[in-house]
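Listed after this line are the structures, all set down as structure tokens.
Note that subunit A is present in both complexes that follow, paired respectively with subunit B and with subunit C.
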Partner chain A sequence: MQCKYCGTQITKKDTRCPQCGRAIVRPEKNIRPIAIAGVVIAFVGSAFPMIMNSNADLKFQPAFGFMNYESPWMWYSFLLLCVLSVVLCAVKLEKFSIAPTAILGVLCGITYNNVCLRHGAPGMVMGLAPILIYAGCAIGVIGVFLDVLKFKKKEISTDYRYTGHKTVWQRIYIYRWFYLMFLPVLVFVIIFNYLPMTGLRYAFMDFKSGSEPSYVGIKHFVDMFGLSEISKLSSKQFMRAFGNTLTLSVIKLAMNTFAAVLISLLLHEMKNIYFKKSVQTIIYLPHFMSWVVVASIFKMALSANDSGLVNSLLMSLGVIDKRIDFLTSNNLWRGVYYVVNLWKDTGWGTILFLATLSGISPELYEAADIDGANRFNKMRYITMPALANTIITVFILNLAKVMNLFESVFVMYNPSVYDTSDVIQTYIYRQSFASSGTPNYGYTTAVGLFKSLIGCILVLICNKASKKVRGRGIV
Partner chain B sequence: MAQTTAVYVKKKRKLKPFDIVNAIIFIAISIVILLPIWKVLVDSFDATSGYGLSFLPRKFTAEAYRMAISRADLYRPFLISILVTATGTFVGLMLSTLGAYVLIQWEMPGRNFLSYVLLFTMLFSGGMIPTYIVMMNLHLTNTLWSVILPMGINVYNLVLMRNFFEGIPASLDEAAKIDGCTPMGIFFKVVLPLSKAALAAIGLMFAVSYWNDYTNFKIYITNNSLFNFQMKLRSMVMDSDLPMDDGSLSPNTLQNAAIIIAMIPFMIIYPFCQDYFVQGVNVGAVKE
Partner chain C sequence: MRKMSKFAACVLAGVMALSLIGCAKADGTGNSASVSSTGTSVSASTSKEADPAPAEIVKPEKITVMWDGTIFKEGDNYAEEFYKALSDALGIEIDFIRPDHSSYAEHIGITFNDKEKLPDVVILPANYYTAFAAQGNLWNMTDAWLNSETANSGRLVDAAKQVIDGWYVNGPDGQKGIYGFYPARGNGCITYVSAAWAKKAGYATEDSLPTDWAGYQEFLQKMKEANDGKAPVLAAGGLFNREAPYTNYLPEFWQGAYPDFYQDANGNWVDGFATDDMAAALDRIAWGYQNGYINAAILEGPSTSDVRNKYFYAGETGVFTYWAGTWAYNNMTNLAKNGLDTECWKLMPLKEMGAYYERMSPMIAITSACKNPEGVFKYFIDTMLDGGKVQMLWQYGVEGVHYEWNEDHTKINGLVTQSSKGSEKESKTTKNLFEANLKLANFAEVDPYTPADEVIDISFNFFNKYSKAAPAPVSSDVYNDYSATLWTERQELSAKVAKGEMTGAEAVAKYKEDCEAISNAVIASFK
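After this line comes the complex of A and B, so read on.
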């Protein structure tokens, strides 16, 4: 940070500029997110049971919350108030969002009281819902107050750069056709992105095809993490899938990035432009094949029959004396998976690095030549620092997608290697579409919700990191 | 001075050992990438069931390809792939350009809100099963709409398109406005003709993802007659679900031919459009 008046560098702790002695005005931090976070906590809380059976072995079966409360209007108005609060905060009218947030608490209290009167029995304990909702309401109201206090101090300035002197309504009238143009996009987003989000309520329900969904509270999450005796088995599969997802995608990411950097460094040294162009064309090629095609090619190449390319090659070189079935061996599957990923995506990954490398000024290299630097020195002191930022960017961009691993595994795995290859998405797929019994969409939705949440946290962390490293976020 | 220039030129012409090693490395990499593909191509023309180390067909036959053209259960998935790719690319381009054009209207009230609505979907999603249930309730499963429509809205491509559009000078927009052009008119007569490169780059990205789509088909479509070529290829290679009428052709030949057919359209198009693809990647990550 620099002083506004004299431009000297100042540290975080200084209150006055050491050079000119003026007081330092720091930009106010935005605390509206606190209010929104409070409402979101309350919203999440409303999905949990208000009271439930304390006996874990009954899988928390008798559980009562907003969702199976006799009059659904309570829950609907609760959700409506949540949305209202968030929207009020978002359009900078956070002062007024205190009212809906407070009413949230009141609604929760009324419902809790009624639920206790009707279903309260010995052995029932309070669930997570009241705690989360009250905490959320408190955080929301406090957040608004912090914001209002700040608001009083802030001087009001309007940015006339874009708005001109027209009122909002006049501008809306001017842009009326643009809203119409945006309508198709909005309809698509709402149907295919937001409507499924409302389906996340099934994570708290038992939902088998052919029967009505029934509310079971946090039973599925208890099952996932093996908190009750009965659920140890299904939890083991879930945990295995979770572990595999992290291992496979993180190692794949590290290997692909490393290989891409190495290849782009070597490719950048290539002097002959035609040779370089043709190499680029060849190494980008596999990126355009679908995973099905890639898996098929490698099934042919790795096959243990006479026609298998790799086995025949290894046999004739004398490396092995018996044909290996690569894709059905738990020890080898991961290695094959990483190699196939390298084969498909390393070339494509070099594009960004090559763009950065071609942006380095050749004068730097010439200056280094005059100073007597050798190839290694030039790489160490010119190329690597220039490339570091891009490497971190690529790493961050891909780290956000760690949980999305699906198709590449799905087309390459088979029942004999589930131990090392099953990832969360394939686990969800198998449980819902390929299981022998009636699939419980509730359970798979719960697993999906967990995956989405982890993915969301990862994106937010990467976004923060990206802002730190290169000054702009990834979303 | 003259001497240094001479030295520089001489230095450039000299082929160092490093350059030779470098060239050898890249020839090796190219061979590693091309060899499996070449092997598949060779085996698709080989009537014998294929030997691991034969890099030219032993007994040449094009029977597999003739079969693919003449048999309905083989060319129908191919036609469905083309249909889905064409429709999907059109839908995707339409939505991306419309959305991107609205998002560059800086003075429009609610522009920020609308872009947050879009960006939030990159942050959080309902996931596989809730989406499936929505599709089921809309009665879209087992129709081709279920694979065309969800992929039509791609927020990443939309943002990419917005980045392209921001490069169009605002003065053109204003000039058209002063001449009495409607927003739709500006969109079709000014913005779209100026962004042909962007349309090509993003259109190709859409086309590749539709052609290569397997996941959506696997989840939403259970009707055999609506499978695209990726699904057909999968069942041919993994489940050996092959159309066999006489013994003239080994299953291996047919499987290899199916792989080649599945990848051939983009293998032909791609070398001519390489620059558009590369441009798309670079605009997405480097520039703002």
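After this line comes the complex of A and C, so read on.
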């Protein structure tokens, strides 16, 4: 947020502008997100079945919903109305969004009624769709009413320099060249980031290579969470991969950040500039090597066979009399993985910290010298406090990426260590391409959707944490 | 300044728009390169509409063909010359799509996601052939084959009937039919023993090699002791091969055990991993691994090429199970390149094994998207074994490019390959798609085949004598849903047994406990 008088960046903790000293008036939260959240819930709900078999061992099959409803235009209309509602909320015409939101409920009712008439049979029960859609519609409409009534709401102050009293269209015209610059990016993002999201519908379908996608409701989620007898093993493997992903990512992140900070501090203390630069260059280099090459190097070094360097060395020195299974032991694999990651990425991770350290005023150190502080005390009372904000920022930014673990594991793991190494992305890969049958993209899409959901939640948590720490979010 | 900003905005917008266009030019089939035999870009479908009268078979003008690395590769051995010669010989413009061989199965999976953009002809791994035939993605060529010139030519080899019987798989109607073709047998692996290693261990001749499991155990012990304690065995790809028949790279240890579903002698479906044979096989592997007779790298996920080049060809291992035929010759030449003794002996299948497995070959199929399947079959597929010039192209390549005739025009000699030309060790072309020894039909005249070395023929003859058909790959909806899950469990349990964390019997019991529901459902789906 900026000071509305002088434009100075202000943090969340500030009560007065550090530049002009004026009191900062913070606007109350706008409550439109409630209306939008309601529509999103209805939108997501439309992917679930309207009615489905009640037998979990049959994976709630058959299932019928919008996606396999005989009149597909009904679902398309539903989705369009969802988009319309959100857009109306976004452009502050929220009261007009009540109508499309209400129509969503009507469409749901009509479809549910027809689906029941056509496919209703003993053993069939109501699915999640009607519940989610009606709940979403209710939240959407209530949210709008709260907004229209301006309950707790105040207009968000906007910087006068950027808005004046002009309309949106006038502002767009004024900044048309910026919009022109932005246009290709927008198209790019829509084509490559948003359009592929339409593929998420396959999480509710059987989509095997060579056969037409067919709607199966929550079948894949039943497999993922082991709700039927036949899916216990799939679920066990999935949950293990999920746990490993979190464990490997978080520990790796903590270790890499700690090591990067440590090395940054050591480099910062170095007086010989040539030596310092040389060390920096050497520790940056592994970052530019591909994971395939890095894995090959470490596999050669750590292999338990006769050509493994480390084992051979330890054996010849008499340290061990039996070769150590660095790469095939569940007890050791994670340690090896962390070490390889440290070797590859620690150097690169020091860049931000070194940049922060170089920004610390030398006067502080000079003052500390005068006060008689030793090196440790200078590090404790000057360097570390200056670095703290960067450490937290880097940690938070990387925490948002913890679910994206693939290449580094894929090139190093093997069936002996699936227990400790298999992560969600490698699990998805195996389900897609390592089976001896044709892959079912529906299941892997469902797993991917779950992973994205967790990733999204982590990003939101990090965003919140970032706002707390830095005064501004990361998204 | 304002003008500069506008100008900068326009330029930047233009650059980004161009980059978008660049990205949008990606081929619909992923990363695959699409090269027309005539050098022009062509569409993915035949230009001829299907003829309404089935009796009149129209020659297609243009077809698209998706092929793996089993024919000459672009940049490796004058593939473009082969495309052009084949196109000229058939009078059909052929658009070859050549994805990377190592990820071909992935490309197949992706390609068949969009049925509108399927090529007319595609070569499929055996398991995909079974699955896609059942899904109705392939054209039923049973009648076309039975009435084809090749089938009625009288030139089919003796083994052809048995091979062709294996092509019958379930179609979408549940009826057995032929949905693919391959002009050769599937081939298989035999075990090569380094003579240098064996001689050191006291085995003077090939005949003295062991013939049963007890003898094999003693043989491995002696091989290890005599060769500085090095583990003599390492299998390509790890404990299991990723493709059917799965156990063919470590046959002495797996013996009669087969880790996937198959039909037993009584026609009953069996989950091979849940059998006593499997428990015994796992114990044999544990014995080999823990005593250092199987190289420890086997559990570290070695690639096939690493096992071949960095271990067997480097003299690090002495027992290597790999493809029969041309690879017997390749083994010799590669050992020679490394200055090692080139002599490799063939290990007789152990008494407990009975025979080596002959795999089901990959299948050349016409897809459901092909608008003129009868024409494509008659003019593209049936000509592969025409006994004349088209068979020469598929079997040996292009005259003057891949081979040349001898003076009296009775035999051919391979020419130096494109990639090895000018290198220190030039290698010569030995075949195109299939080996002379494996072809299903003879030439109308005498086959002009000249083996690069007699070991190739010896190896083939040995394999033909001591091989049996591997269980056919299976497919069903339930199997496809849980195949990856089952294989993950099988691989994990096998590795645990190898490391000594459990016994074979315990692994099988655990497998039954974890996988019984899936196994039963899969078997029910086969029934």
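Note that in this section the second predicted complex is superposed on the first by the 405 of 475 C-alpha atoms of A that agree within 3 Å, B and C clash if a C-alpha of one lies under 4 Å from a C-alpha of the other, contacts with A are read in each partner's own complex, and residues count from 1 in each chain.
In this section, a contact is a pair of C-beta atoms (placed from the backbone, for glycine too) under 8 Å apart; a residue touches a chain by one contact, two chains touch by 3 or more.
Keep in mind it's a predicted model, so treat the numbers as computed, not measured.
S.K.: With the two structures laid over each other on chain A, which partner does A:Tyr284 touch: subunit B (first), subunit C (second), both, or neither?
M.R.: After superposing on A, A:Tyr284 lies in contact with subunit B but is clear of subunit C.
S.K.: In the superposed arrangement, which partner chain does A:Ser307 touch: subunit B (first), subunit C (second), both, or neither?
M.R.: A:Ser307: touches subunit B and subunit C.
S.K.: Between subunit B and subunit C, point out the one touching more subunit A residues.
M.R.: Subunit A has more residues touched by B than by the other partner.
S.K.: Quick one: is A:Met239 in contact with subunit B, with subunit C, with both, or with neither? Answer first, second, both or neither.
M.R.: neither
S.K.: Quick check on the superposed pair: does A:Ile191 touch subunit B, subunit C, both, or neither? Answer first, second, both or neither.
M.R.: Both partners, subunit B and subunit C.
S.K.: Where does A:Ser432 make contact in the superposed view: on subunit B (first), on subunit C (second), on both, or on neither?
M.R.: both
S.K.: Figure out whether A:Leu266 sits in contact with subunit B (first) or subunit C (second), or with both, or with neither.
M.R.: So A:Leu266 only meets subunit B here.
S.K.: Please indicate which partner A:Val293 is in contact with in the superposed arrangement: first for subunit B, second for subunit C, both, or neither.
M.R.: first
S.K.: Figure out whether A:Lys451 sits in contact with subunit B (first) or subunit C (second), or with both, or with neither.
M.R.: A:Lys451 sits against subunit B, while subunit C stays out of touch.
S.K.: Can A:Tyr418 be said to touch subunit B (first), subunit C (second), both, or neither?
M.R.: second
S.K.: Can you pull the subunit A residues that subunit B and subunit C both touch?
M.R.: 177-178, 181, 184-185, 188, 191-192, 299, 306-307, 432-433, 441
S.K.: Spell out the residues on subunit A that touch subunit B in their complex, using ranges where they run on.
M.R.: My answer: residues 90-91, 162-164, 168, 171-172, 175, 177-179, 181-182, 184-186, 188-189, 191-200, 202, 263, 266-267, 269-272, 275, 279-286, 288-293, 295-301, 306-309, 311-313, 315-316, 343, 347-348, 351-352, 355-356, 375, 393-394, 397, 406-407, 410-411, 425, 428-429, 432-433, 441, 444-445, 448-449, 451-452, 455-456, 459-460, 472, 475.
S.K.: Could you pull out which subunit B residues touch subunit A in their complex?
M.R.: 12, 18-19, 22-23, 25-26, 29-30, 32-37, 39-40, 43, 49-53, 94-95, 98-99, 101-102, 105-110, 113-114, 116-119, 121-134, 138, 149-150, 152-153, 155, 158, 182-184, 187, 208, 211-215, 218-219, 230, 233-234, 237-238, 252, 255-256, 258-259, 262-263, 266-267, 270-271, 274, 277-278, 281-282, 285-286, 288
S.K.: In the complex, go through subunit A and note every residue touching subunit C.
M.R.: Per the stated touch rule, the residues are 177-178, 180-181, 183-185, 187-188, 191-192, 206-212, 223, 229-230, 232-234, 236-237, 299, 303-307, 323, 325, 327-329, 413-416, 418-419, 430-441, 443.
S.K.: Within their complex, state which residues of subunit C touch subunit A.
M.R.: Checking each residue of subunit C against subunit A gives 5-6, 9-10, 12-13, 16-17, 19-20, 23-24, 105-106, 108-110, 112-113, 115, 127-128, 131-132, 135, 137, 229-231, 238-239, 242-244, 246, 260, 295-297, 299-301, 316, 473, 475, 477, 479-485, 487-489, 491-492, 494-496, 498-499, 514-515, 517-518, 521.
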